[in-house]
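You will see chain A twice below: alongside chain B first, and alongside chain C after that.
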Partner chain A sequence: MSDRPAVVRWLATPRFVLIAIIVVLVAVLTAVKPSFLNGAFVLAPLITSITVFTVVGLAQMMVLSIGHMNIAVGQMAAFGAMASGISFDLFALPLAAGLLLGLVAGAAIGALTGWIIARTGVNSFIVTLAMSFALLGLVPTVYSALSTGSAFVVKPEGFDLLGRSSFSSVCLAGWCGPAAIPLMVVPVLVVMALVGLLYQRTRWGRELLLTGSNVTAAELSGIPTARRIVMAHTLSGTLAALAGILLATSIGSFTPSIGDEFMLQSFVGPILGGTLLAGGYVSVVGTFLGITLTLVIRKGLELFGVGIETLNVLLGVILLVALSADRVREIRLRRGRAPGSAPGRPSGSTPDRTPDAEEVPA
Partner chain B sequence: MTRARLGSQSITLIAIVVAGTVLLGIASGGDLFSPVGIRTFFQFLAVPILIGLAQMITVAVGQLNLAVGAIGGVAAALAAVLMADLGVPPLIGALVPLAVGALAGLANGWLVVLTRINGFIVTLATMTILLGAQYALVGTRTVSADNWQPLAAVGRATVLGVPLIFLAAVAAAVVVALASRYTRSGRRLLASGDNPEAARLLGISNDRSVVLAHTASGLLCGVAALVSLAALPGVNQSVGGDWLLPSFAAPIIGGVSLTGGTVAVLGTVLAATVVRLVDTARAEFQLAPAWVNFVIGAVVLGTVALDRVRQVRAERRRGAARAQDAPAVDTLEAAR
Partner chain C sequence: MRRTTLPLAVTAITAAALLLSGCTPQASSGGGAEATGLDTVKVALVPGGPHPYFQPWIAAADQAKTDFGLGDATFNETAGWDQTKENDVINSLVANGYNAFGVFGVSPTDINSTFQNLKQNGIASAALGSCPAGDVNDADFCLSTDTEAAAYKAAQATIQAMGGKGVLAHLTGVNVDSNTQRRIAGVKKAVEETNGAVTLLPDVTDIDTDITTAQKAVADLLASKGSEITGIVSTAYNPAVAAATAVKESGLPISLVAIDDDETILAAIEDGSVYATIAQNPTGQAYVGSYALAKLASKECTMADPGAIIDSGSFVVTKENVATYDDERTAASEQLMKDFDADHLVCS
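On to the complex of A and B.
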């Protein structure tokens, strides 16, 4: 396996499979429904939701990298968005300050969650589940106490530019950008690059992955695992808040229902993209592609007038099929590869620890 | 040791239930103890108990079931549509939720065992699929309970002022308690949950335990769906939508170990009662429904933290006890 050329190895990654499926899907959709390529009305909303949900996927990926979960990802998004909404609505802060406040709120709630997990040693599933209960109670209560009509609607300057404008409003020497690509893409690309750099180039990122692949080994090699756990959850909360705020800018107001749909998608993206549930391996591009695939399918179904229920059924089936295929691939890899490949390499679905190692009694 | 800990948890919960009932009774000016008050309280306690037990069984084998609400919802929706649109008699219609629940649970178990995918993801996927199916079945309409009047009559029936459906839930709890303690499958299931490797070496099939746990969990969701069918004025797509979080709250507060291998039926039932009390208090003081979530979330966080503290203390005590028996070297070790 390892002596094969890099191209062949790349072809075997989930990312290539995802790209191939997406390309075929887009081609088919365009051929059958030419209106799919309508820039302002189909592509722009599609790309907007891809950008928002990619951030949601990255928020989940952060904690998956250490082998944890964040069930409260949607509620953390709602909490962060709420903080931003309050700062605009009640304190009339400018855009940047409000954004920062929302992100800090998300980071704080994530840090609290991570601290509880690291301190008590209780399963992250339970702690984040309880946190989601608590926030599910807190957020609507705050909204109904502080706003009229359960929404914060005050928009600071630049709010619509971030959420609802496309490159068509960016003109240079008489030539304007395409209306299909929203401006929101820019900050999200920066975030993706930063997350990628964190895992690929920094010591912190490597330590997160090591904590995820084997917490005892990480502890023994001198990594402050408790601090890394808090860090992963803090970043997860921050990214969730960012996704919540971006969603709010795209729909034009802050409401308590922000984040309701985040939980399932947050898992689907990273998992389709090849991130291991047991921790130790992540893929930023894979997460983006996984999210893109599901949202393209969703848009396609919408164009054909197929209801949301079929979409749900399909999402569930895709998840199961993709993971079963992943198992087959993993077993093949295990047979074919010599031991000792580093985790986190593009080809490294480390076979020494399987995703089900904790859950399924074998 | 384990039993003593669970016992103390149950005693705490009983104290909370008694204190809460008394306080609420006083706050409501005795309304809680009126026949109507008692009936309403217990009528809406049946489902929390059943879904708590459904989750408890999967947790006991070291799995999770995210699909509790979706299984219950789809089971209730299918039975409702069959009885309302196809004229299936209520007697047969009452069996539909049980069959759907058990089959869905069986499917979950098989998927986990065959694909070896994490149980969390499998049930997340089946949850999505079943939610889609539920929506496809009932769409945006509400199927009225007039279509199954005999069942609705059972839902209203009381024995000495206590709703029949609550007694059914208690009966289910007794069955689960007995099965987990006295049947061979029950003991095997707990052994698989406690230590899969040791269970395997004893010749226990962990796969069978997992499938059994998921099937039993699905069946209990089906019973909860049947109870909802009998108690609610109609069935729509919202049935089961709010089951997931309470289903975890009851076993966790009730003292079930999240790592598997234990059950606490009494604790789960008591914890469900506490949650119901919170809900009743919310209605009494006319607070927003969101408050219940907040309180439950805080209580669950508090419980897991307390549990941890208790564990650490118990370990220390054990260490100290060992130190008394052992020579001085060990005493030094324990003192550290």
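On to the complex of A and C.
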């Protein structure tokens, strides 16, 4: 354990840095462009984007926790959303049943990916890349075959409420909630809490982190690493599908292009938030903050009328900075581990960095 | 303390969001809807993404600003062919005070949601260049080429050039776009009318991304089936330009009918290597659309038939009228303006 006070340790985390940057950025944007606080046309769309992309970031974080990556996160989102769209459009299922079907489809494709990786030992990059290509062909083909105009447009009851309504439609004792906060934040906060609890409070979560930290040590400790790999990819697929479905509800229909923008953002959020690419350390709140920072920057640039090329350049620069930060953190962790530190211990237990809620086995 | 980090963070996030939303300025719900004269109207033309088709919109917006004395007229193509990004662009423009929108929706199945949102906030909107999918248009009006009719005209012209028989190839854009489905339907209709004299090859879709993609697709098509193809109809811009060059260079006896009036295509029509093209009216869409939007946003007028779908015109250009077709198009735009004043707008 470190001798530094908890507050000092918190101030040294990527999360505090992100919070500080976001607060300064919001203050500057508000001062220069007061319209940044426009509820209906700036804050509500911004918060909707943050919620959707936070789930995308968590989907990637799941596999990063075991040292893998999911290149197919966008296509898995499209696949899960497609299953929901089919259930509404062709089978007239109610919202809850369609959502469940979409999540099961995402879980199934994620489980298949994880099973292939665990059985063959092929690098997750290769397997998810192959899965990405397969779904890239499959999803538009199914849309073309089963829909008119390549879109599923039937909306069950509650569809618009989930995707396009805000707390202004929730009234109590004559008072209604703010129009700037979409109702979609509720399920996403629940998902964040569940993912946080998984890593913080459950044996499965600790085993995922140990598998990511050192797979050999994890195996020698009796952890069924193959099952944990399948589990991580299953959860990644499920979350990707949820993100795809949420995006569909926010734009109004299910189309093959859902998830096209997910892949890069899925890495930016977790890495900026402190999740290690090498596995063994995750941060749910950090992922949320990383996503928030990039989307606030993007929104700010949009308000200033900056072109798409500049936005893409900026996203690339942010990713490079995040990857560099990840490398620096990894080097610091190695230095911290070296003397008197047991091999294979989860990175959160290193003397250099005291773990916090999301990363530590209880 | 460790165990409380996540709940604390979630609470902080919720509190911050509530705090920010509580600071929403009064202007947020109005979006400039209280304008009373055209000089208070700020028109934004938002294409689905970068594409040569929209370039005439820039000059048309500037012209409309000058001619009608608008507060501003801007062109923003940063959507990058993504409906979510296009919505973000529109939202940002509203936040910057724009109160009239001419939009080429990226996703015809979703753009009605965007129009509904604008309408709820008292902002005038028009679907320009592409109408929403289905029978409902939630914008104030749609001013667009009737894509199925234009494709039908193009296919008919191609079949005529083929002598009424042979093998026809159809090159087009994004398959998931319902407008592409309409174009495919238009071409099929023309082919079916030949009672089997013309055979239609499977549609070549998704090649309008850029000129390189189109060139490769056309080269592959000519390499594999060039000897049997007797006619090509392109209902998308980039494949039309690519096919015009490729057919000319190959020397194959293929009758080509293109779309739009790129210089390459017009030159090819003049030298006879392209039989015809179907010119659309992007300038008229932007100029007349800006005029009508300004009238609606200023509250001077309302739509006689809200959500009306209005054809901006399509023009068959052959060797005979290649030098004069633009006059026909200009006349069509002037007629459109008169139609808006006489029929589509109800003014106080």
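To be clear about the criterion, the second predicted complex is superposed on the first by the 321 of 362 C-alpha atoms of A that agree within 3 Å, B and C clash if a C-alpha of one lies under 4 Å from a C-alpha of the other, contacts with A are read in each partner's own complex, and residues count from 1 in each chain.
Just so we're on the same page, contacts are C-beta pairs under 8 Å (C-beta built on N, C-alpha and C of every residue); 3 or more make two chains touch, one makes a residue touch a chain.
Not measured: the values here are computed from a predicted model.
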{"item": "Contacts of A:100 with chain B and chain C, given as first, second, both or neither", "value": "neither"}
{"item": "First (chain B), second (chain C), both or neither touched by A:129", "value": "first"}
{"item": "Touched partner set for A:170, first chain B, second chain C, both or neither", "value": "neither"}
{"item": "Touched partner set for A:299, first chain B, second chain C, both or neither", "value": "second"}
{"item": "Partner chain in contact with A:38 - chain B first, chain C second, else both or neither", "value": "second"}
{"item": "Which superposed partner A:25 touches (first chain B, second chain C, both, neither)", "value": "neither"}
{"item": "First, second, both or neither for A:144, with chain B first and chain C second", "value": "both"}
{"item": "Which superposed partner A:311 touches (first chain B, second chain C, both, neither)", "value": "both"}
{"item": "Contacts of A:264 with chain B and chain C, given as first, second, both or neither", "value": "first"}
{"item": "Chain A residues touched - chain C or chain B, whichever exceeds", "value": "C"}
{"item": "Touching both chain B and chain C, residues of chain A", "value": "140, 144, 307-308, 311, 355-356, 358, 360"}
{"item": "Chain A - residues contacting chain C, complex", "value": "6, 15, 26, 33-43, 45, 47, 49, 140, 143-144, 148-151, 153, 164, 178-181, 185, 189, 192-193, 196-197, 200, 247, 250-253, 255-257, 260-261, 284-285, 288, 298-299, 302-303, 305-308, 311, 355-358, 360"}
{"item": "Complex contact set, residues of chain B against chain A", "value": "61-64, 111-113, 115-122, 124-129, 131-136, 192-193, 196, 199-200, 206, 209-210, 245, 248-249, 252, 258-259, 288, 290-298, 300-301, 304-305, 307-308"}
{"item": "Chain A residues within the chain B interface of the complex", "value": "69, 116, 120-123, 125-127, 129-141, 144, 264, 267, 271, 277, 307-317, 319-320, 323-324, 327, 354-356, 358-362"}
{"item": "Complex contacts: residues of chain C adjacent to chain A", "value": "1-7, 9-10, 13-14, 17-18, 20-25, 27-29, 31, 50, 76-80, 82-85, 87-89, 91-92, 94-97, 107-110, 112-113, 117, 121, 133-134, 175-178, 181"}
